[in-house]
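You will see two complexes here that share chain A, one where it goes with chain B and one where it goes with chain C.
What follows is the complex of A and B.
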């Protein structure tokens, strides 16, 4: 399925991920954690398909279990003692719960970041930073241009050196080290030499003149407006809830949460809306498209 | 209106005695398409760089340059940046940003245009050059030709009054070069932009230019429309005339004294040839003109053989039913490739881009292995041989970019470095290096940094380096890329000498003229395999498009004329 959230303006994308990452980090309440984790997993699968399923099962589940098990082994606070270890340390219910919550948060954030990487492509990132500091955005853009270029060149040099028997894969360990240094040295000379022409090309096109502007292909349209408003709405409800203590949990010495009220359900609902927003947007777009297609 | 007026321009580089440019007087009218030609080092690039203050090299200039009636140094930098567009030689080095759209906007950003203007101009240029389909791509995914077109488009987005290009097609293959030149013609015709360019590919450039300026040793030798400028060159019997288009050379040699205009294109050459032959009451079969059914070509006896000439020499390189692909799921790059190269042959492989030529070369050097079939060098699998066994006294590979071989600060140190690991005594090493230096004529370049040499000299230094390993087989990947006619001939002479001493040479090239002139066996690569291979003469006379200009010019009368010399001889004996 094609993701539609990433077609929004970079500011919307970036704002969403910034908010969601902070929320997932701060809100330790189990309902919030479950909402965040489930949404993150669903969105990552929607974005990256089978690769994400494999990533989540193969790395995230073991990581979750490992971090959850780590805490009670080292942390012995809490009032509800379940049993004692052979060395006399107690295992408490609170530390198990805290371990589970921390592990859940950790994994949720990793999965959100994997989604962030897929949505915030380099040009969007550059655009965001260009707004803050225009010169930096050009440097980023140039770096992204030169890194792949240098990698290609180093492969070419290594190929050429291989044909005179001087690649890093040839000879004994000393020879290899020496060959490697020679390749890096050739690379450096080449890069410096060629950078002169790049500098000429930049100067020739007026780089360095005062009042440089910054162009982008992104436009903030009404669609971005609506989604931003919806996002801000959900966020404010969640933040009001946070101010009223709906989103927090106390683990030590004993587990304590605020009581469930109709208002807390509203806060949970808003948080679910917020976390699921990219998924909802994508699904709505898909349904719309299906309908247009079936009509024609 | 004048775009440029250059009066008595002289230029001397710091610490040099002789002038790089001397007494240049030129006027370039608005909307003209001017080509500047000359040997490497004749001052072409220096002259071009004088035309934009920010690119002018350090040194001592004298004289005046007026841009649109105003002295150039008084034109402010913003106007110069926008009005004078400059395209350099290397497509890769000029690209600054990572995305195509950003690169198109780069110059406009520098000039401080607002979003709307940039959006419009970028869109216009993308449409004009047909860039829409790769507008959102990363620049690293583009081909060389696309990159150079992007450079051109990103400069045109600034709406320059004049476009200056310094050998823009030297790094491109013939197809991409032709496309680039077509785009230039379009700019000149449809937008009226003045174009000043230096170029080696005279066959393609002369037909589209209004004016040809020939430079030699910093001075203007001739300045006239292409046909007249060429004529002047032949009148002077200047060595540069050897790099003029084939029809011009043939005409000059055969019929130079007559009053008709010099033919520039193959078409004009054909027309002249027909007139020439009919004016001489020659043998009836050469009178046939352009009608193929009447011509003797249909009965040409020597195009029948499809196999290369068999020699009794031993086989040096064998490909037997070779299949190769880069990825498990990728397309086959080589498909059922079989070929035999015998010892002492000069084997040329021609063919378009991306047909698998360079891949085949990497299989010979054992860097890659086929997934089916066999590659053998002297009966052994190169991928299984040790580096010492394969690359010392056996197989030499000259990479496409000679700069990838240079390690040291001077050419001399670099050559000595090659022998650093051998067991030879100091005297033996010096003797070996001295012999190679003499062979490659590097004596006067020994103390220079390899990067300070010109393209042709770098090529020679790299060749010398590879030759120190005393290879019996030499692999060359497009050795003539970016070289001018003079250096090509020099390279050819070296290869000939090596070949005569028994070295097998395998060369990949886009340069048909070069292969036809110097190759022994030529093969056409297409779609991962060899379609045809034969001795150079028969190979090219059997092709109708993929052949030399001289052959295309005369093939309706004599199918066998491949090189300029062949044709001249036939013309002279036909009377």
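What follows is the complex of A and C.
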């Protein structure tokens, strides 16, 4: 399935991930954590298909268990003592629960970041920060371009060196190391000379002059408007809930959270809406597309 | 020398901004963590603080409207560092990034050293995956480059291979390892205790050791040719400016 959330304006994408990452880092309430974890997993599978399933099962589940186990080993707070370790330290129910919650949070953030990597491509990032920090964004975008270019150039230089018997695969180990250094050295000279040429070319085309516009393919249209309004609505409900203590949980000395009220259900609902927003958008678009297809 | 005065003014502006951040915003953030978030969100708070420390560099750099040549030399050094990391990716922790950042700091000045480090950390994670560890890596690489520049400027760090290797090894092990381990501990447990920190340092010891050795090896082989090349470029194209 094609992801439709990434076709929205970069500011919508970035704002969504910034909000969701902060919320996932801050809210420790079990309901909120479950909502965030499930949504992150669903979205990552939707974005990357079977690769995401493998990633989540192979890396995230062991990581979850390891992190959950780490906390009770070092943290002995809490009133419900389950048993004592051989060195006399107690293992408490609270520290196990806290460990599980912290592990869940950590894994959720990692999975959200994996979604972020797929949606927020570097061009979107540069588009957003190019306005605030033009010089630094230019450095980022140049560096992103240079890296693959240098790797290719190293291959070219190494091919040329091979013809005269000076590649890293030729000679004894000392010789190979020296050849390697020589290749890096040639690459550096080339890179610096080439860079100065690029800089001069930029200058002669008027880089840094005032009143110059920059190329952008992104347009903030009504669709972005609607989604941002929905996002802000959900966020404000969640934040009001947070201010009223709906999202907090106390672990030590004993586990305690606020009682369930109709309002807390509303808060959970809007958090679910917020976390599932990319998934909902994608599904709605898919249904729309199917309907148009079947009509014709 | 107008050039010199310019850098001094920037220098003091950065100090002013940094001190505002350190004296007002960082304590406010810690207070937020203690009172509003019940003092359990160590990772979130520490992440904010790490980001704050990088803001003065970004703002000052943007403010002085750097020339295209300057931008591009920074981008080149950062890309060489990232390409080096990519070339050695099969050897875990055997990364040339710190070595390149130190060379940049020594040759191009403290500010450029910081930027090369931060950009290298950021850009390399576009290839290896962004995550909650990115700001920590950016900060650690950046601050090592900054220190290298400052120490060189003050005359404490020469261009001799031996001192550079010594500084590189120590900086990688103590600064990079020291800060990154705190970051990963806060990331994993979100509960801070001294035993856990000690355990993290112990488990990270060999990783940091390999990283430090890698830095020393790369500095040993690369420092002289790289510094020579940068000098040549600086003289040939007149990039010499007052070092800050």
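We adopt the following convention: the second predicted complex is superposed on the first by the 288 of 296 C-alpha atoms of A that agree within 3 Å, B and C clash if a C-alpha of one lies under 4 Å from a C-alpha of the other, contacts with A are read in each partner's own complex, and residues count from 1 in each chain.
By definition in this document, a residue touches a chain if its C-beta (ideal position, glycine included) is under 8 Å from a C-beta of that chain, and two chains touch if they have at least 3 such contacts.
Computed from a predicted structure; not experimentally measured.
So, A:263: does it touch chain B (first), chain C (second), both, or neither?
Neither: A:263 stays clear of chain B and chain C.
Output check: A:159 vs chain B and chain C. Expected answer is one of first, second, both, neither. What do you get?
first
Now for A:191: first (chain B), second (chain C), both, or neither, which partner does it touch?
Second partner only.
Once the shared chain is lined up, is A:171 touching chain B (first), chain C (second), both, or neither of them?
first
Touching A:55 in the superposition: chain B (first), chain C (second), both, neither?
So A:55 meets neither chain B nor chain C here.
Using the superposition on chain A described above, determine whether A:98 touches chain B (first), chain C (second), both, or neither.
After superposition on chain A, A:98 lies in contact with chain C alone.
Taking the superposition as given, does A:138 touch the first partner, chain B, the second, chain C, both, or neither?
In the superposed model, A:138 contacts both chain B and chain C.
In the superposed arrangement, which partner chain does A:207 touch: chain B (first), chain C (second), both, or neither?
The answer is both, since A:207 touches chain B and chain C.
Regarding the shared-chain residue A:113, is it in contact with chain B (first), chain C (second), both, or neither?
In the superposition, A:113 contacts chain C only.
Kindly list the residues of chain A that each of chain B and chain C touches, one partner per complex.
Of chain A, residues 122, 138, 142, 144, 149, 185, 189, 193, 195, 198, 200, 202-203, 207-208 contact chain B in one complex and chain C in the other.
In the complex, go through chain A and note every residue touching chain B.
Checking each residue of chain A against chain B gives 122-123, 138, 141-142, 144-145, 148-149, 152, 156-157, 159-165, 170-171, 175, 182, 185-186, 189-190, 193-195, 197-198, 200-217.
Which part of chain A faces chain C closely enough to touch in the complex?
Touch residues, chain A against chain C: 22, 25-26, 28, 67, 70-71, 74-75, 98-99, 102, 105-106, 109-110, 113-114, 116-117, 122, 133-136, 138-140, 142-144, 146-147, 149-151, 154, 177, 181, 184-185, 187-189, 191-193, 195-196, 198-200, 202-203, 207-208, 248, 250-251.
In their shared complex, at which residues does chain C touch chain A?
37-38, 40-41, 43-44, 47, 58, 61-62, 65-69, 71-76, 78-80, 82-84, 86-87, 115, 119-120, 122-123, 126-127, 129-132, 187-191, 193, 195-196, 199, 221-222, 225-226, 229-230, 233, 237
State the interface residues of chain B toward chain A in the complex, per the touch definition above.
On the chain B side, the touching residues are 52, 54-55, 77-78, 81-82, 86, 88-90, 92-99, 101-102, 105-115, 118-119, 122, 138-140, 151, 154-155, 158, 362, 365, 367, 387-388, 390-392, 395-397, 399, 401, 403-407, 418, 421, 451, 465-466, 469.
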